[in-house]
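First up is the structure itself, then whatever we jot down about it.
As written, the chain order gives the labels A, B, C and D, with residue 1 at the start of each chain.
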Amino acid sequence: MELDRAQVAGMLHAMILIREFDERAIQLRVAGKIYGAVHPYVGQEAVAVGVCSVLAVTDRVTSTHRGHGHCIAKGADIRRMMAELFGRVDGYCKGKGGSMHIADFAVGMLGANGIVGGGLPIACGAALAAQLEGKGGVAVCFFGDGAAAEGEFHEALNIAGVWRLPIVFICENNQYAANNAVGVQHPGPDIAGHAAAFGMPGAIVDGNDVLAVRAATAEAVARARRGEGSSLLECKTYRWHFHAMRAAIPAETRPAEEIAAWKARDPIARLAGYALDRGLLTADEIEALRARVKSEIEDAIAFADASPFPDPKDLLVDMFAD
Amino acid sequence: MELDRAQVAGMLHAMILIREFDERAIQLRVAGKIYGAVHPYVGQEAVAVGVCSVLAVTDRVTSTHRGHGHCIAKGADIRRMMAELFGRVDGYCKGKGGSMHIADFAVGMLGANGIVGGGLPIACGAALAAQLEGKGGVAVCFFGDGAAAEGEFHEALNIAGVWRLPIVFICENNQYAANNAVGVQHPGPDIAGHAAAFGMPGAIVDGNDVLAVRAATAEAVARARRGEGSSLLECKTYRWHFHAMRAAIPAETRPAEEIAAWKARDPIARLAGYALDRGLLTADEIEALRARVKSEIEDAIAFADASPFPDPKDLLVDMFAD
Amino acid sequence: MREITFQQALDEAVAEEMRRDARVITMGTDFTGDPVKEFGPARARFTPISEAVLTGMGLGVAGSGFRPIVNWRMVTFSFVAMDQIVNQASKIRYMFGGQADFPVTYRCSTGGGIGLAAQHSQSPYSMWMHLAGLKIVLPATPADAKGLLKSAIRDNNPVVSFECSRLNTSTGPVPDGDHLVPIGVAEVKRVGRDVTVVGLAYYVREALAVAEELAGEGISVEVIDPRTLVPMDVATIRASVRKTGRLVVVDEAPATCSAAAEIAALIAEDPTTFRALRAPVQRVCAAPVPVPYSPPLEGAALPSRGDIKAAIYRAIEDTGRSGSRRRAAVSAGASAGRRRRPDRADAAAE
Amino acid sequence: MREITFQQALDEAVAEEMRRDARVITMGTDFTGDPVKEFGPARARFTPISEAVLTGMGLGVAGSGFRPIVNWRMVTFSFVAMDQIVNQASKIRYMFGGQADFPVTYRCSTGGGIGLAAQHSQSPYSMWMHLAGLKIVLPATPADAKGLLKSAIRDNNPVVSFECSRLNTSTGPVPDGDHLVPIGVAEVKRVGRDVTVVGLAYYVREALAVAEELAGEGISVEVIDPRTLVPMDVATIRASVRKTGRLVVVDEAPATCSAAAEIAALIAEDPTTFRALRAPVQRVCAAPVPVPYSPPLEGAALPSRGDIKAAIYRAIEDTGRSGSRRRAAVSAGASAGRRRRPDRADAAAE
């Protein structure tokens, strides 16, 4: 599946945007512009971008506590994302949700989730809706290696298998759940092995190779659109930073060599290199992309900063629909 | 593993006792001597008896809503069981628990359970205790095919796999969960297939062949005692009666041929035939066993009937330990 | 008007709403009635025994344009799905700034009294009431069961329909046609002068029976059925207590942090009602134990008519009325004593 | 006596009990302190993110002779384990006729106020209190945190230790040696004459600060910390209200069916205390919403000192005291108004 220059440029832009967004979010959290907890997606960009690159806006995804990348890849507006992190009224949740609860139903982003595994059942619901609509829509569920230890993982894959739901389960195996290596969570290194018993294909893919992720997802999505059911895709990847931060940046607990080895497999450098080799993009064009991202982010920050804080008088608004 | 006559007689007696106990329980429920719900184990006797025949009294088991067979096989006193079903003070739970909550910690029966899948985590705790004690003890967890659709099934097998707990998971696949055939619960007919992803052996055994169940359990238990971890054993079997009854016996919803085919594979007749063929027991001896069971059950009923109902004044007793 | 059972009324509600709106689907491990026959397996779905995923699917499919009914069967089984209820369903709309609606109806049976023991005899309404973000209905008659469930299915928010097991086979008149009962409106089931008795589910009938009995003794009892627990129709309850000056709440859940506790607090914190209150509030609730299996114990654990009567006498006693009252109160004393016995904890503390 | 943090006090409690009794083990997805270093990986176990199995394992290993401490980290995460709490832990001993004990301690952090939004800012104590069968502690100081957790670990029943996040870094004096605080005993933190304020966790400090402030205005506030929620030390609370005639309860959970509702009911139903009550009970609780993320909204959602003050003024107002009081009350009116604003439901009904 050859990619044209526009597609490659689009994916590269999305990946750089995700990285810069979270790098800036870390700074802004330290600066006290953002509150609560921030879970950076840096290092995993190829997964969100590769997966979402084959989805339509009408396809629905659920995300996790580490959700900024999924939002951006699915087409959310970083200005409203940043405003949400700033706790302002122009944020996606009018400041009520914050980092762990960003959602944009208009682009099929059914929400980040502060509960490990909490998005799996909701994604199955979105898949059921697609099945009932019968228009070839699919649902995609992002979750971590740690989430695969929760019972909701089993129940979700099981019902998806029984009902042949049009859903693709994307396990982002970044080797750690908070400070615990995957060995604390699972008897083996892989999650994909669970798929067979649920009657669905389970594949392992290099989560730092956006093209590989895209290709594997395309196959699983096509399968789902044809009504042939669900798939589990395990993307091996790594987060470059700490699990989560509040006011201060936590000390690193993982082996330095391990981190270095993974950083050497930078998914962004990899796609940039591919684009250059194939002559799809020039170095200047890539520089221009980076510059564009910088200004987009500054613009988002300015937008967020200009947005007012919610009025306490609106505390009870949005509780119940009429 | 050749069995001697005492062993065979013991297993045959236990199986007949279980069957007669539940056949009488049904009559007594209709007669209004027993309250609430009764879930007969008739047809599945080979599983409980085969499994428990290789356990020590110090090994611990957890049971289900269909727990009478597990209690009897693990060595509970049918007089106190019957008294519990009658709601009397000499029952195992002093009448507070009833059929779905019979337990006898003294013989390692950690309780029936009204929650599908609810016993799995508790069994893992018993296995952890055995591991910490380091005396080669094991835990056994009985659960149904329906329970394998619950998240607790996944969490239990996963942690058992990670911690190499000395536990044997016994899935009694009796083909139905209430009125739903196994196909409503699972993408395929087998549960054992889940084991591999948890890093443990998963075997399927003829659950109507007590010797096969015993042999497979012996192997899994030996493995656990050696500190080599957990196993999943799926016993294919069938319940002869309705899922559950209250005041009235529910209409049968399963295909008549299916029921007939399974009854033709009666686990008790099978062991009796084996004993006769091998000359381990004579027809008279088997008749004597049946007679003994009948009197044991009449004795249990008399015991239960003679036991007083609890005094409402004791309503708050047993709430908290000192 | 037809006389049908509580269960039939609930089945009619589901069938009528499924006919009315093709986006309504129903899911559960089993069904009463035969929705599969009329609506097919796509809209009436038998599910695996996986309440957690089922509960979250309700939100996902509702947030994607459908109107699911998720049936947990017994409230007992909803607890394996509690994360999806507490952390998702009750918060999802507000947390997301109101950008999407989640019109999902969760149904389950509640209550004891039929020998099913601790796990299968629960009435934990208050655990849901405490979660800001869920609407909750608790009908006591076939008409309300049908009308409230239909309103719940049409509501654009997560609504929990608690359906009392002991009422399943009870019958009552149900209006013909599209019968709706608004969520959030209590009903004064009997007008009275001396004491207000708020009953929940099965205990509405019991309260009415006791009221009838006491009318013979010249005690005029007003009986109120909240019908909806969230939003609670406090205005109706307060108005009644302002009139009678006395409140008895009957609930088969244990008293601690129960719906009865909330109703007592709603009365005690309202200045006008507080000033009108002439006697201590009476909570007639289950004993603080898991519901025991054996009939004599289960009977002692759950509220009885005698308990309700004794509480009414106490309310009148404490505001000093005629000697006949006092004797009556004493005659019911023992049972009243038991009902009011604090748990060992309190006992230790008192 | 040493001055240590709330968190250090909790860590000391676990370490001391693990030293004292080899049957004590601790399990969680993460630890504060370093129990693995001192006690090894067999007794201090890092677990998968599987709260349900972890919670049930606590019962199984406790019923098999050990004394486990299960740490859910945040109360939020306990909801995926709610079946094991509701259907097993709270019922298992009684249901089995008391034939075995289950000495398991469940720990979790609670509360909001630190910008973590809806899912990670919960204080649902009352959902546990409603379950007859669990003991529940809620310390407000380092000394009580240590003493109550040690008592919980030694208790032969399932005990839930709720540990307020906002108190983690707070410091206070903790007695040296084997410091135990008995479960079920409240503490009068400040003796007063005019009004009783019952505060929970973080709000004990806030209540004391307000009491200090109001002393300057000649209002004498008695502050009580229940410290244990089950068994609740009702005697101490009732004795105080019998003296002051006024009750304000401060709790960061939403009011409906909360611990505050229960305390209000315990006062309103006790004849002697009811007769001594001179003003309506005041509940100062969180607004009926999931806790919002944005600081101004979160601040508005949770109780503030201004809210506590306003409630105290109201309690005194409603029993008519000097004009200065009245002015003060009015000055605090806005915030009081917000705090007491009924949810839209009630609004509709009222």
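Rule of thumb we're sticking to: contacts are C-beta pairs under 8 Å (C-beta built on N, C-alpha and C of every residue); 3 or more make two chains touch, one makes a residue touch a chain.
Because the structure is predicted, anything quoted here is derived from the model rather than measured.
Q: Give me the chains shared as neighbours by chain B and chain D.
A: Joint contacts, listed by label: A, C.
Q: When the centre of a chain is set as the mean of its C-alpha atoms, what distance in Å lies between chain A and chain D?
A: Distance between chain centres: 37 Å.
Q: Cα centroid separation between chain A and chain C, in whole Å?
A: Comparing mean C-alpha positions, chain C is 42 Å from chain A.
Q: Which whole number of Å gives the spacing of the CA centres of chain C and chain D?
A: From the centre of chain C to the centre of chain D is 27 Å.
Q: In chain D, what residues contact two or more other chains?
A: Residue numbers touching two or more other chains: 47-48, 50, 52-53, 76, 80, 83, 87, 94-95, 117-119, 132-133, 135, 287-289, 292, 343-345.
Q: Two or more other chains in contact with one residue: find those residues in chain B.
A: Residues 93, 95-97, 101, 113-115, 149-152, 155, 158-159, 162, 184-186, 319-320.
Q: Line, ring, star, complete or other: which one describes how these chains touch?
A: Graph shape here is complete: every pair of chains touches.
Q: Would you tell me which residues of chain D are touching chain C in their complex?
A: 52, 76, 79-80, 82-83, 85-87, 90-91, 94-95, 117-119, 122, 124, 126-127, 129-133, 135, 184-185, 230-236, 253-262, 264-265, 267-271, 274, 277, 279-283, 287-290, 292, 318, 342-346, 348-350
Q: Can you tell me which positions in chain A touch chain D when the two form their complex?
A: Residue list for chain A touching chain D: 35-37, 87-88, 93, 95-98, 100-101, 113-117, 146-147, 149-152, 177-180, 184-186, 246, 309-312, 314-316, 319-320.
Q: Can you list the residues on chain B that touch chain A in the complex?
A: 149-155, 158-159, 161-162, 183-188, 193-194, 196-200
Q: Per the contact definition, I'd like the list of chain B residues that touch chain D in the complex.
A: My answer: residues 60, 62, 91-97, 101, 103-106, 110-111, 113-115, 118, 120-130, 132-133, 139, 151-152, 155-156, 158-159, 162-163, 317-322.
Q: Which residues of chain D touch chain A in the complex?
A: 29-30, 46-53, 76-77, 80, 114-120, 287-289, 292-297, 299-301, 338, 341, 343-345
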